[in-house]
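The following pair of complexes shares a single chain, subunit A, combined with subunit B in the former and subunit C in the latter.
Up next, the complex of A and B:
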């Protein structure tokens, strides 16, 4: 009974994601046609499309990862159906509010809505609170969802076990499945950055309702914006990795992967680096304390080490000279990992401050994140969708 | 600079694509028997160590050359104040009054001498990116309200340099530009 309900809502998530993905691709192509001067849109239309495209893409691939992790988590712990429903209702309302703000209200501050741009009204007056409200509504929905998943997980796996710390000792008495470990690490990051978003929105509303008596600090607001924006865009990829650890060996007909001391160590380190890497978005703000700038480069470099030497290496080792039942599911996972690597190389190059000096906010940036999203993260989710709807794999979980 | 960055990326991306293709083909060829990788833990360790050393070298070579430390121990022979606003740059060799911002019609800078740009914004965040005659981005900083970013640079070649805004700042962001000459 429970699992039928979960299957239904997961199918609905997939449907929503795919429909919105098509809309977003159309918006993306319109933007490229406009940049190539094949069509001529007014700048406001272009930027409204850009804002809608950016925020909707981040939103749908985030929820796609969450829906997949929720579905697979049910194999280990009981998850809350109502939290899943709340997240869906609030996501849909949030998207509708976003569209109202950008298409009726002509709001067009970009998906990063860098302070104080949203408060310099160049659109319908109501569009700013509508846009910020749409982020609030989605953020509350996602916070509910991730907190509920985390509490359910912690009921069965106490914190130190969820983080697989017992694996740092010789001969651990219990195993933490890699899926549980990665979900836990990722949920902590997601909750942290969503709380950052709540704080950011609170500061916006304090200024908005103060009638000019309270003005925010632009540098602090930019740090907060990217603590939220960078981290959420990064974490959604890690949701996809949790799914890979769970499904890649399984669909290939190979034994399940186990958590070892180095897997545990890699993921625990990832948590630290992932929450400090966002500083690389402020490299060209020379007034930012230099210590943060250096932390930004080092944390971003370090984040690539566990990813490369544990996850990517494991995927390659699992395939190398090993007979695997190849299907579209694991092929998509495999190509996705390759796309993630290539996009990641673009990221590591750009995250070097001396390179960022000539690459920051140029076309390099959308090029790198579209590579790892469109050829990485999106393929991880499509692989899950294919697995989910494939009759051969029915009966899971 | 941009060309060597692009080459580095293309080489690394091609190498990665090769590795993935090679590993995929090895799986197809494996037949029924699992041959796998011998001693994977040791190879993993070496892979990690090499990556760590390479990134460590990159970090220690590049970080000291970051723009924050450029020409830090010299005194600029010219100072240019820049106030960015939707959708223009105001530039002056005298300090700019935010209440009645006025700039100079044209700015001329000496070649091979240290110039300091003191960049701020009067409204939203903007970018301040300097492009040379061949439209190549050579240096940049952000223009942030309430803060002054100091960008130091020595221009080697005389000619006209273009300034573009590189932070989305509203509907006319794409036409927000200015220029100066180096003699």
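Up next, the complex of A and C:
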């Protein structure tokens, strides 16, 4: 009964994601046509499209990853159905609020809504609180969902085991499945960045309601914006990786991957680096202390290295000269890893401070993140969708 | 217990949203309005009755546009005097023309020439004194709204200086009597020279990442930095808290 309910809600998530994805692709194509001067949109329409496209894409592929992880987590622990429903209801409300703010209210400050843009009213007055409110509503839904999943995980696995610390000793007595380790690491990051969003929105509303008696520090606001924005965009990729670790060997008819000391170390390090890599968005901010800029560069290199190299290594070892059963599911996973690596290399080139002087604010930036999102993360989720609806693989969880 | 947490989250979020609708933004963005918009290409009449368009002027050199009226008994005179005084010093490498333009339709070319003589600027090539028939459109394009006060027979208006670059874009606006640094930044901006700027701490800015001490010229870490670390700290506390509260159920 429980698993039927979970299947139903996961199917509904998939449906929502796919419908919104198609709408978003249309918005993306309209933007490209406009940039190529084949059609002519007013700047307001272009930026309203961009804001809607950006935030909706981030939102849908984040929830796609969460829904997949939630579904697979049921193999190990009992997850909360009500938290899943709350997240869905709030996501749908949030998306509707977002679209109302951009298309009725004409809010068009970009999905990163950099301070002080939202407070510089160049649209309907209600559109700013509506836009910020949409992020809050979605954020609260996702926070509830993540906290609930983490609580269920911790009910079964003590914290140190969920983080696979026993693997740092020789001959660990218990195993932490890689899926549990990656989910735990990712959920901590997600909770941190969503709390960042709550703080950011609180700061915005404090200024908005204070009638000029309180103003924010632009540097703090930009740091908080990217602590939230960069981190969530990154964590949604890691949700996809958790799914790969769980399903890639299984679908290929190979034994399950095991957590080893280096897998445990890589993912534990990733937690730290992922929360500090966002500093690379502030290279152009001369008031940011140089130390933070250096941390940003090093953390960005390091964040990509452990998770990426361990995953690539595992995937390559799994397919190289090994008779595996290929299907659309693991083909999508495989191509997704390749897209992720190519886009990731583009990111690493861009986070190098000297290169960033040239690449900042150029099409390089959307190019690299579209590569690892559209050709990486999206394919991870599509692979899950294919697996989910493929009768051959079902009978799980 | 968990359901209660969820419910309070939802209740809180809806409270925030509904409360947000009732508000009107009061922030004062006058200096930021119309930035990077194109200035109206007004026809102007400068010294000796020469007719020009504004674009002919700014295409040659960037323009600092000062909007005044000659019968002003208030801010216009001190505003121009201070501008003249500040510009006597070489405060920026950039070049520019200062266009003093009357926004009062009653002002004539003669009035403006008289004004230039009064300021001792009649032979200064960098300064032009002009009138225009397109003042409404120009005012609108730079966000300037003088209001006629019939009891005082005076305009109620800001002392506005508008920086226009060679492409006709408004790059900076300064309202009021401003110091040399501000003016230097304006000259840099009309010449497309990057000027690093950061809002200085003031009594309304509570959570600055750094506190700047003008006496020592040094920055010290501020409360804002703590705010930056706060989400990560709270997340970790939450993880430990949940881990502690559910530990009886673990295997």
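The rule is simple: the second predicted complex is superposed on the first by the 396 of 397 C-alpha atoms of A that agree within 3 Å, B and C clash if a C-alpha of one lies under 4 Å from a C-alpha of the other, contacts with A are read in each partner's own complex, and residues count from 1 in each chain.
Keep this in mind: a contact is a pair of C-beta atoms (placed from the backbone, for glycine too) under 8 Å apart; a residue touches a chain by one contact, two chains touch by 3 or more.
Just so you know, these numbers come straight off a predicted model, no measurement behind them.
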Do subunit B and subunit C fit side by side on subunit A in the superposed arrangement, or is it a clash? clash
Which holds for A:286: it touches subunit B only (first), subunit C only (second), both, or neither? both
Check whether A:305 is in contact with subunit B, with subunit C, with both or with neither, and answer first, second, both or neither. first
On the A-aligned overlay, A:120 touches which partner chain: subunit B = first, subunit C = second, or both, or neither? both
Does subunit B (first) or subunit C (second) touch A:7, or do both, or does neither? neither
State whether A:143 touches subunit B only (first), subunit C only (second), both chains, or neither. second
Per the contact definition in the header, classify A:370: touching subunit B only (first), subunit C only (second), both, or neither. neither
Thinking of the overlay built on chain A, is A:191 touched by subunit B (first), by subunit C (second), by both, or by neither? second
So the two structures are superposed on chain A. Out of 2-10, 38-46 or 146-154, which stretch of subunit B collides with subunit C? 146-154
Shared contact residues on subunit A for subunit B and subunit C? 116, 120, 217-219, 286-287
In their shared complex, subunit C is touched by residues of subunit A numbered 80, 82-83, 86, 90, 97, 116, 119-121, 125-126, 128-130, 132-133, 136-137, 140, 143-144, 147-148, 150-151, 154-159, 188, 191-193, 195-196, 198-199, 201, 203, 205, 207-209, 211-220, 223-224, 227, 275, 286-287, 289
Considering the complex alone, what residue numbers of subunit B touch subunit A? 1-2, 5, 8-9, 12-13, 16-17, 19-20, 23-24, 26-37, 40, 44, 47-48, 51-52, 55, 58-59, 62-63, 65-68, 86, 123-125, 127, 129, 137-142, 144-151, 166-174
Please output the residues of subunit A touching subunit B within their complex, sorted ascending. 43-44, 47, 108-110, 112, 114-117, 120, 122, 217-219, 222, 262, 284-287, 290, 293-294, 297-298, 301-302, 304-305, 308-310, 313, 316-317, 319-324, 326, 334-335, 337-338, 341-342, 345-346, 348-349, 352-355, 357-362
Hey, which residues of subunit C end up touching subunit A in the complex? 2-3, 5-6, 9-10, 12-13, 16-17, 20-21, 23-29, 32, 196, 198-199, 202, 204-210, 222, 224, 227-228, 230-232, 234-236, 238-240, 242-243, 246-247, 249-251
